[in-house]
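Chain nomenclature is as follows: A, B, C and D, assigned in order of appearance, with residue numbering initiated at 1 for each chain independently.
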Amino acid sequence: MFTAVTIAVLVAMALALFRAYAGPTLYDRILAVNVFGTKTVLLIAIVGFLMGRPEFLDIAMVYALMNFITVIGILRFFEYSSPGKSANSETVKD
Amino acid sequence: MESFVHVVIILMLVTTAIAIVRVKDLFAVTMLAGIYGLLSASFFVLMDAHDVAFTEAAVGAGISTLLVLTTLSMTGRFEKASVKPQADYRPVLALVLVTVTGALLIYGTQDMPGFGTADAPVQTHVVPRYLNDSATEIGIPNVVASILASYRGYDTFGEVVVIFTAGIGVLAMVMSNATKMPVVQTALMSDHVVLRIVSKMLIPLIMLFALYVQFHGEYGPGGGFQAGVIFASAFILYAMLFGLTAARNVVNHTLVQLLSALGVLLYGSVGVVAMINGGNFLDYNFLSDDPVAGQMLGILLVELGVGITVASVMIIIFFTFTARSQKEGEAD
Amino acid sequence: MEFLGLFNYWVVIVLMMIGFYIVICSNNLIKKLIGLTIFQTSVFIMYISMGKITGGTAPVLADGITLYSNPLTHVLILTAIVVGIATTALGLAIVVRIHESYGTVEEDDIHAKDKQA
Amino acid sequence: MSIVATYLSWALLVIGGLLCISGSVGLLRFPDFFTRMHAASVTDTLATGMILAGLMLQAPTWIVLAKLIMILVFVLLTGPTAGHALAKAALHSGLKPLLPGKSGVLEADTKPSGGV
């Protein structure tokens, strides 16, 4: 049963990865990274049970923490580079 | 099942790396690099390297993303599309070089022992001794911590000095009288009330967690390196939400600089004390009458030194970068 | 587990070469640094996967467990990661200075400005 | 562990896994940022809660249980906060949600400013 959940989480990660690549807006990318981070927390927790040594869950904590800090850092980055300029006027060139 | 997860994660790593090559928006590149960090950390968990995963999660996905973003805010977001004619053949040449090198390396892997074999040379040299004797010689369950701080204490000392030097280097490069600079932007993310309140609740939790990681490192994954990064991230979070000036009021710039040196000094002093007591440099057996107690004490102090240095260097690096980017913002 | 035998190393090489390609081919200094990070991470992955023993578990001693993965590679890579971020920070600091002096972080433009001077 | 706890745990895990996938499909398929965000963050919180609760029922020792609870509290605090901040930042930067226009067809409120 852990297997099924692991596969579900992996599928979710792959979809989020695609969204991070495809964009189109930068907020989509931030959202995708956030979702990816949460799914990684779950994956670590489940893999711990799957491999029979679930006592190392501290790592999942760090993931949740870093996920939060990264999202805030990104938002702050856009406040700095004056959002009116960076968020609207430029268009994706790739 | 483990090998299935292994293959999927490895394939996702390759996909992310290729996506990084193709995307021109440097912001998106940074996001993908963050995902790459998360993925490699999950891979380390699968490979039983919990300590490494711990560090990579804090560093690769967290701090380095923030640093790159701060730099991007100074240098601009888009990679310039090259218009020169010489740019046409360059990717082809590079691709040929890369393919040839890769093919040679793959040819070289023919002699490598298969994945997961227990009798590979890596597993038979030195390591059995560490695994068998660590429990009686050092007396702590986490073998990674005992190798890091005791058996290979010299190495770690060197690494700590490298980190300290990098901190000095960053200061020398981009400091720009950052200490005296009047920072105007204090009410930075003032409209994010929810964010501020939740973060205020979280910051003490993060620090507590960092202390747990620091002092629990002998019994589970953790230790000075990880705890230092986590501890620094609490201050970074504070600085991001309440402005650099407020954060500087909490952790004085001079104090952090002193602390970063103090950590290295603490590490070195432990070694010197061991020498004074009649042993070799960093031979913790001589720190106490009972060798095992000496080892425990030595590892505790050394990890503390590592933690202090790593935390303060990370704070220094982040604060100097932020101060620089704010200065640039005002110049515009 | 058999087919994983060398596959793991091949993927490491592919990742390493992707990082290498970015370092050579990208014009932007920040992207070059990210390429360097990918290269670096591929080395980490190689070390860590060399230390894994099939059926082994994390090297934290516990009763009733006899087979542990290699702790030595973990130690080497653990310190390498933190040193890696420190050097990346130094590289970014240099990029910031270059941007201040030249007004650009594109390699071509920097060379062009150097020739003019 | 009693048989009820086992079945409950499996049920929670399976529902959590399904929510995971459905949220991510929403993230992939929905037309604009705000709908994607709705799909992703709502299911994210619920799925995380369910999977962690399912794991809690299987926890072998109390320390594992305590750590799982810590993670759950942490995720429940940070997830919605990050989502809220993200949506707010997106709205402030001028990204407009798709709204039903006069013809009843979804259309962007202003000129499509989504090209960020």
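Rule of thumb we're sticking to: a residue touches a chain if its C-beta (ideal position, glycine included) is under 8 Å from a C-beta of that chain, and two chains touch if they have at least 3 such contacts.
Just so you know, these numbers come straight off a predicted model, no measurement behind them.
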Chains linked by the largest number of contacting C-beta pairs: B-C
Between subunit D and subunit A, distance of the C-alpha-averaged centres to the nearest whole Å: 11
Rounded Å distance, subunit A centre to subunit C centre (Cα mean): 20
Computed distance of Cα centres, subunit D from subunit B, in Å: 29
Per-residue multi-chain contacts in subunit A, two or more chains: 2, 13, 26, 30, 32, 51, 55-56, 58, 61, 65, 67-68, 72, 75, 79, 90, 92
Per-residue multi-chain contacts in subunit C, two or more chains: 57-58, 60
Contacts with two or more other chains, residues of subunit D listed in rising order: 74, 78, 81, 85, 92
Interchain contacts, given as pairs of chains that touch: A-B, A-C, A-D, B-C, B-D
Parts of subunit A lying in touch with subunit D, wherever the complex brings them together: 1-2, 4-5, 7-9, 11-13, 15-16, 18-19, 24-28, 30-32, 34-35, 38-39, 41-42, 45-46, 49, 54-55, 57-58, 60-61, 64-65, 67-68, 71-72, 75, 78-79, 83-84, 87-88, 90-92
Touch list for subunit B against partner subunit A, complex: 1-2, 5, 8-9, 12, 15-16, 19, 22-25, 27-28, 31-32, 34-35, 38-39, 41-42, 45-46, 50, 53-54, 57-58, 61-62, 65-66, 69-70, 72-73, 77-78, 81, 188-189, 192, 195, 199, 202, 206, 209, 212-213, 216, 220-222, 226, 230, 233, 236-237, 240-241, 325-326, 329
Touching residues (chain side subunit A, partner subunit C) in the complex: 51-53, 56
Residues of subunit B touching subunit C in the complex: 3, 6-7, 10, 13-14, 17-18, 20-21, 26, 29-30, 33, 36-37, 40, 43-44, 47-52, 55-56, 59-60, 63-64, 67-68, 71-72, 74-76, 79-80, 82, 84, 87, 90-91, 94-95, 97-99, 101-102, 105-106, 109-110, 112, 114-118, 120, 122-123, 126-127, 130-131, 134-135, 141-144, 147-148, 152, 155-156, 159, 162-163, 166-167, 169-170, 173-174, 219-221, 225, 229, 310, 313, 317, 320-321, 324
Interfacial residue positions of subunit D with respect to subunit A in the complex: 10, 13-14, 16-18, 20-21, 23-25, 27-28, 33, 36-37, 40-41, 44, 47-48, 51-52, 54-55, 58-61, 63-64, 67-68, 70-71, 74-75, 78-79, 81-83, 85-86, 89-90, 92-95, 113-116
